[in-house]
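In what follows, chain A forms one complex with chain B and a second complex with chain C.
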Partner chain A sequence: MPTITFAQSSGATTEITVAEGTSLMRAAVTNSVDGIVGECGGQAMCATCHVYVRPEFTDQLLELSDDEDEMLDCTTAERTDSSRLGCQIKMSPALMNIVVDVPADQV
Partner chain B sequence: MDAKRAEHTVIIGAGQAGIQVADSLRAEGYPGAVTVLNDESADPYQRPPLSKDYLSTAAEGTALPLRGPDFFESKNITLHSGRAVAVDTDARKVSLDGGTVLDYTHLVFATGAANRPLSCPGATLEGVHALRTLRDAQNLQRALATAQRVVVIGAGFIGLEFAAAAHARGLEVTVLEFASRPMGRALSATASQWFAERHRTDGIDLRLNEGVTSIERDEAGLVVISTTGRRYPADLVLYGVGVLPRTEVPQAAGVATDNGVLVDAALRTSVPGVLAVGDCASFPNVHTGTRTRLESVQNATDQGRHAARSIMGENSSYAQLPWFWSTQGALRLQIAGISEPTDEPVILGDPSSGKFSIALLRNGALAAVESVNSPADHIAARKLVGQNISVDPATLTHPSFSLKALAKTLIPVPS
Partner chain C sequence: MSTPNAPTGVCPFSGATGPAETDPPAEPVAVPPTSTSPGTFAEAPVADWVTIPDLYNDPFPLYQRMRAESPVHWVPAVNRYMVTSYAACHEIEQDEARFSADENNSLMKRAMGHSMLRKDNPKHQVDRDSYGSTLRPGTIKKHWNQIFASNHAKSLDALIAKGPGADFVWDYAAPYTAENLRLICGFHNATQEDLQRWSQSMIDGTGNYADDPEVWAKSAAASAEVDAAIDEMLPYLAANPDHSLLSGLASLPIPLEAIRANLKMTIGGGLNEPRDVLATTVWALLNHPEQLAAVKSDPKLHAVAFEESVRWVAPIGMYPRETTADVVLEGVHLPKGSRLGVVLGAANRDPRIFEDPESFNIFRPKKPHLGFGGGVHFCAGTWIARAQVAQIAMPALFERIPDLRLDPSSQSIDAGWVFRGLTKMPVTWG
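Let's turn to the complex of A and B:
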């Protein structure tokens, strides 16, 4: 099963193994990962599950939808080229050992 | 009050607002004990997906928790199963249904709202559902698996979200609404007419100006009888006819209520040491100048954060801009601000494309923006609405105009 590693700005990391199809936001919220809020419940409405995907995994991600792209403009922490919404990343074999950095602020 | 009493905040209600108060108290460095009372059997969960993703065939089948299982212990927050039945505000004690009595220094009502019951004959027949709790959603999941014909009573957010989800599962869906347009309480007439047409085009039988007089059961199943005398056979009936704030306990305790628990700008009630947040709180709305009670995730979480700061001794006014969303099948509605029937609607973009916004002007200023499948407009609107920005309709409808560009020119880019 795919594994997600969440890296905090403090240097602490959390590794979570999840079923395929699980969203990165859901994995974080159900496992108490600090810094991922998911306030809207996964509908790309609140931008509180913002993550920075490590460059080696960005090619494997599905392309940004227009909705996600537009919502990323309202993240609290700075948006970069590697910014994504965790609720829009669904785990698949291609993302087997994805590593993401959690921003310092979400709200 | 005993000056030596140990600092203890008791929060009644483990929904989005109540859990947020507890979380924010710890984030603000609150030193005392924190107890959240949960009167549902499930651990605290998110409600918005229950009327959307949870009911679609692609559902993961489990509720999304509000916080993970380690959260409460790691933040030293006690999640206590039980229902508050009485509060003695002089002695600062909360009595629970199991007989437990908790002393508090601060008490927060985050009791939320309950569905307004359907009052017609037959309202309690088996197969007639409401949707608010996880248990409701689980019952609906099971019922949807075998149903073919669905009648929805009430074309508000819940009714239409459910209707779209049921239709997407291939069911025949009829929606009965006694008012002349859907979502009339929350949306401008222009937007609600667009949604009515769109749902009909998609295949939902939306009937306006048609209420329900009774529900019967015959050999074939349920029959919903409408105010026009029509009979609608159904295997499943879902009603969403508004909500009532849960104010029984605060009212009995002598806390002032009037369509909600009355709070001041810092979210404090009429009784010292007692606050209220979220769906149950009626607060002075700085954006409209009137008292408002809002049922939304944004309001619940932002008020939760604010109440925590009030408990920490800050005396500031709650002023967050209200925003809302609804997803109805592929339609994504986002609203910033609160519109009034007299606002002037100006359409931005082309509604026939399925992607547009409606700016609502009040005295020439931007008072609210409703966006359909246009998150960029919505995000810009959240920055613009509430700043009393004067706009000319001719400027708004110019082909080169964008709310995003306007937001950028007016708001300094953070460094």
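Let's turn to the complex of A and C:
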């Protein structure tokens, strides 16, 4: 089963194994990972599930949709090239051991 | 990935949603652990000391007492369990399987029809998706901000023409937000006054716990007027599309019954909420001169003040849910079919989450409040409200009337608990 590693700015990491198809946001919220809020339950409507995806995994992600793109403009922490919404990342075999950095600010 | 992911645009309120650079970083929210292990639960205490008039006048002292005693109470006066702790409200929001939005004997369904707000997924999502991009940040930035700015200039002119002593709510905030809502919905055949009347009459129906026949009659009349207005607009907008909700719906195979119910829910939620946040935020700032001075000197703080205001006095203070099974919520047993009131107005002042929660303080460390709800029913109008209030109205207001103040000769009045806001707010200047 795929594993997600959440790296906090403090250096702490949390590793979570989830079923395929689970969103990265849902995995974080269900396991109380600090710094991922997921206010809108995954509708790409709140930007509180912002993560920075480590570069070695970006090629395996689906392309940004327009909805995700415009919502990423509204993140509290700075948007960068590796910014994505956790709720739009669905776990698949291609993302077996994805590592993401959790922004310091989410609201 | 071929699409460059670098910042390509700005949020419609950009630069205005983040904390000031000097703010301390937000601390992670510590939600108290849930106790769901069987055998450790208690029955909900009965709060027979809670009365509707007290809730209406000032619910916050009641909430303080309730939260301190138990996260959930049975409240005979409102014939529901009232859930007042942050952790319990948060747990409900995240779990629609155990806490259904599709309440039986719902007054809202009777007043407005069966809207997306009272549906669970997957049905809810079909309706929500039918709203398309109208309420999303991209459309706000490209289309609505400009319209809001022009509506705002007119409303502010009207307030200024009325002169010192004018009422901030009724002479300015209400007409401004109603006119915005009229265009967002696509009612080119109605006036902003119609929108205000429809909204209030149907909301009164939604809250008609006393089963007053006169309230039902007015609510039904408003509902029929909305139906007629929709029937008239749909063919017109199919031929002359614009960015409104009805225009998007005119081209979709969505049942008329769903269009009607969802639009009525939107008329109810899309007017009082931005109107009340605008008045509450300005009222709070006028009462805290040092915070007002900070907002005036740093435009980014308009958005921070807006969020703090929604936390402090959630304009939707309570919404209903119903348990689908026997559950243990934060250690309290609730039988299947229990009717719950999720009291956001109380959760947002939970001292376990927010330090000194009763005070309005734009400088507090930012933490997620529950004012817009959460989970799949997270308010679809959140960004529209942020745009029309924090992005457009507040900066222009303080620029045009820099010495705006509360009229010392006449008291402001705030009221309500299901919906809460200022019902009278005389202001002066000059």
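To be clear about the criterion, the second predicted complex is superposed on the first by the 107 of 107 C-alpha atoms of A that agree within 3 Å, B and C clash if a C-alpha of one lies under 4 Å from a C-alpha of the other, contacts with A are read in each partner's own complex, and residues count from 1 in each chain.
Here, a residue touches a chain if its C-beta (ideal position, glycine included) is under 8 Å from a C-beta of that chain, and two chains touch if they have at least 3 such contacts.
Because the structure is a prediction, the values reported are computed rather than measured.
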Clash or fit, chain B versus chain C on superposed chain A: clash
Contacts of A:E56 with chain B and chain C, given as first, second, both or neither: neither
Which partner, chain B or chain C, touches more chain A residues: C
Which of chain B and chain C A:G21 touches, first, second, both or neither: first
First, second, both or neither for A:Q43, with chain B first and chain C second: both
First, second, both or neither for A:N31, with chain B first and chain C second: first
Chain B versus chain C as contact partner of A:D105, first or second or both or neither: second
Which superposed partner A:T80 touches (first chain B, second chain C, both, neither): second
Partner chain in contact with A:D67 - chain B first, chain C second, else both or neither: both
Footprint overlap on chain A, comparing chain B with chain C: 29, 32, 39-43, 45-46, 66-67, 70-71, 73-74, 107
Partner chain C, residues of chain A touching it in the complex: 29, 32, 34-35, 37, 39-43, 45-46, 48, 58-59, 61, 63-64, 66-67, 69-74, 76, 79-84, 104-107
Interfacial residue positions of chain B with respect to chain A in the complex: 46-49, 52-53, 60, 64-71, 74, 297, 301, 305, 325, 327, 332, 334, 373-376, 379, 382, 404
Residue ranges of chain A touching chain B (in the complex, touch as defined): 21-22, 26, 29-33, 38-46, 66-67, 70-71, 73-74, 107
Of all residues in chain C, those that touch chain A in their complex: 1-11, 13-14, 17-19, 25-26, 28-29, 31, 93-94, 128, 133, 136-138, 141, 307, 366-368, 372, 374-378, 380, 382-383
